[in-house]
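Below you'll find the structures, each written out as structure tokens.
Next come two complexes built around subunit A: one with subunit B, the other with subunit C.
Right after this comes the complex of A and B.
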């Protein structure tokens, strides 16, 4: 553990809306320079947590300190040092791409001359220079997202909060956003992001928490989480016939855990190839066999379940 | 003492700087279509002045005011048109535009992520609405002077009064906007505004109404505004202008207070 004070510290943090508890007593500590992720299904409380950290949603209980300050009392001072990329773009549809950045900089009290220079730099950074004088509305989803990210950087923030930064983007746009976020991290900016893409969390996060139903159900680096909550490898087996159920009892002895899906069976094992040999030795002949490394998705689904929550 | 006062002063200057940045955004958003809207807002009271003040006025003849002064009907109607155009101008900005920015463009959801706070947004939008309202008022006063409906001196005094009227209606409009649920509610607002416009001592002196109705009319903000401005442009309202100013200031303060509170509640979810 480092001795430095965490930039974001939450203890027993609670957010209640009339009738339900969105965030139920979570403890979080984000250190300077790290990339920290909140993972979880929809409705897990990720966005509510992000809004509290962004000082635009007063906590209902518990303790929250950001940059050593109190978000309710010192909101403006904290927000001056944060960059926020909200889940839904809140770009100004009446302004051009460039004006969006300049106007936003003015909210931070940045002189117009400096704002103009910074807007040009940031448009370059997110590859939007060619669209600088276009209105926001005709931009593609990926372009809007990049503009929102550029806007979050206009005050040269120490912490950047990103709520589902790549949801709804095509693969090219996602990779560009990832590259840029990685560059920011290299520059020492602290990143806090929410996502339900496992590959995104594995790519970007040094450390993450898995949230479910307003609580934190697991915490650690992606590697540690996989080690703790899953096996090294997974064998996916598909058998002929209506149901996969009859094969389960035979397979259970082979792995640490067996999960049955409508179309296939997942066998969680330390060594996939060895397990496949054992399956054949049992006299079972699956139609399809796939051996793969265990990923965060396995951890995530194990911890938060496969039931669809909306 | 210095240590105690200085942070407060810095707070005030930071807050006004942030409010100014909100008004500045509207300046950046000014586009040609908006200018057309601006012009229409100025033309409307002029049309009323000519059609009713001058046109109907030719049939009505002169009026004797409660103070004893005798004025032409056009001179009676003109200050009322000035007050209601100040109302219309700042209402347009603080109800319709404000609601659109808050509910549909989600503009303020982006703004509150910066150091700008909800009451600073309210101030900034109000200041902007005022600029628009003041432009209408100034232009209208020039027309009044040219038509010999008031003097230059009286017009110069009436201008800040019209600015106050705009401020007050801006604060009222903003408060109403925070309670609006959808665009349909604006039809109701439009009707209410039109009733105010017709019966706030604008075309008929309030003394013409039955006592009970007259009291009702006299407590409406537009009546107070018309009363104040008419007192200045044609004279003869005695000390009651103090009452008008007091009334408008109190409504302004209450409106601003409620609007900021409501905005905090709506935005800081």
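Right after this comes the complex of A and C.
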């Protein structure tokens, strides 16, 4: 087994639907054991990319190799080694939690006896053992998600694809899912996930690409992306009054960059506390001041903000 | 040791993937079969009593020299097979695409579109066969079967089941809303049941309508099934009937495969 070769390799990958291009010539390489993220807003092309990697959507152009194979020709052979957690739950609500896992394991040719063992182990892993014999229908959203993740692991996959794994979950449920995904990552499972949550990407991804309008606009580890595309710190200022605009021109001289949001102004600076002193020195008195470190959210704002202006 | 070895073995696609799909459907059916089983006993009993004995009482001379009950039972068997086949390939298929999205989950596993179609149709076939067997049993006990050849009505029911379930699968997979499914019952199942020779000979229809009846897959199964329960020769050639039904099944299969492919591979 060679670790040098990427598990997923895309070059100039394109997905066109009648009339529009969802994925526009992207290059991606995912290595064994890493947690790789596609970050972007709705409609950025993340899910289309995931479906191509999941071998259920043939590419319209470019090259795609998964586990060294061709997704169009070798779809079933590749899918046998993938775990897929789709954006919307595709569980059978009429079956029990356990039955959902066992019937799914059979699609991979896993013997019934082994499937039962795997199901018990996985339910333990996602903390659903107590609900093993209850129907899926009454389960909470977080429980269904964890069951979907367990189902994605039933074949001991080499790559797990997670499309928006925590969208629609409450904070507590999200943290539980993150915990399990982090544990998988520790075990060396290759994770590929899409998200529009910046915190999710920061928590889980070793490396990620930022997508916008079907293109990759930045690539790197969360830390490198923040270093490259944002300052070390951000000062969030909120002024009294209808509009924040009048304050912008005064603030512009203080930082590397200023972003205006409807309810606040973001001032990008190397040293937040020093900047706050300067703001006061200018005779400005914001209602609220918050100094924080830059995050992927700022990277995203910076990158897509620019494309919007272009 | 062996357990460990088995667990380490790299999973591949199941050896007969469609069988794994069939197993999935059976697991679901295990939860609901009781209600279904009751109605599959009740339905033939009631229809035999209602149409055979009740309506039959007004038909003194019988049909073709046999009592109305004996004449009608083969056709009723075929129409039962039709109802079960269509019921099992409308909402279940539609729901697996639109509501539970089970087909998408199956396709994300190493199953091919053909495996998913085959597994679903195999389940429909099992439902048709068991319903037909129960029907045969009940009517046999009630003394409505004239010939031991009646067992041949079972493979006929199975073939009819495929002939209608496969194109219905295609229809349900293409339907954009579930109201299309109800239309199928209104404009295909009910007219077929009424005019394809189940309750009266197709020859009593005016010539134009008669050819419409001949075109339905149901009439071909009715003619075969009736021949089996009466122990007589069918009106048309057996080979002709079988080929016609097989053509529906094969054409339906191609349409079903294409329709599901269009939904799953995009």
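Here, the second predicted complex is superposed on the first by the 301 of 310 C-alpha atoms of A that agree within 3 Å, B and C clash if a C-alpha of one lies under 4 Å from a C-alpha of the other, contacts with A are read in each partner's own complex, and residues count from 1 in each chain.
One rule holds for everything that comes next: contacts are C-beta pairs under 8 Å (C-beta built on N, C-alpha and C of every residue); 3 or more make two chains touch, one makes a residue touch a chain.
Keep in mind the model is a prediction, meaning the values are calculated, not measured.
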item	value
Superposition on subunit A - do subunit B and subunit C clash or fit	clash
Touched partner set for A:68, first subunit B, second subunit C, both or neither	neither
Touching partner for A:117 - first (subunit B), second (subunit C), both, neither	second
Subunit B versus subunit C as contact partner of A:84, first or second or both or neither	both
Contacts of A:12 with subunit B and subunit C, given as first, second, both or neither	neither
Contacts of A:107 with subunit B and subunit C, given as first, second, both or neither	both
Which superposed partner A:156 touches (first subunit B, second subunit C, both, neither)	second
Winner by number of subunit A residues touched, once subunit B and subunit C are compared	C
Residues of subunit A that lie at the interface with subunit B and also at the interface with subunit C	17, 51, 54, 56-58, 75-77, 79-80, 82, 84, 86, 88, 90-95, 99, 102-104, 106-109, 151, 155
Subunit A - residues contacting subunit C, complex	17, 51, 54, 56-58, 75-77, 79-82, 84, 86, 88-95, 99, 102-104, 106-111, 113-114, 117-118, 151, 155-156
In the complex with subunit A, residue positions of subunit C that touch it	3, 6-7, 10-15, 17, 20-21, 23-24, 27-28, 31, 100-102, 104-112, 264-266
Contact set on subunit A toward subunit B in their complex	17, 51, 54, 56-58, 75-77, 79-80, 82, 84, 86, 88, 90-95, 99, 102-104, 106-109, 151, 155
List of subunit B residues in touch with subunit A within their complex	14, 17-18, 21-22, 24-25, 28-29, 31, 105-107, 109-117, 267-269
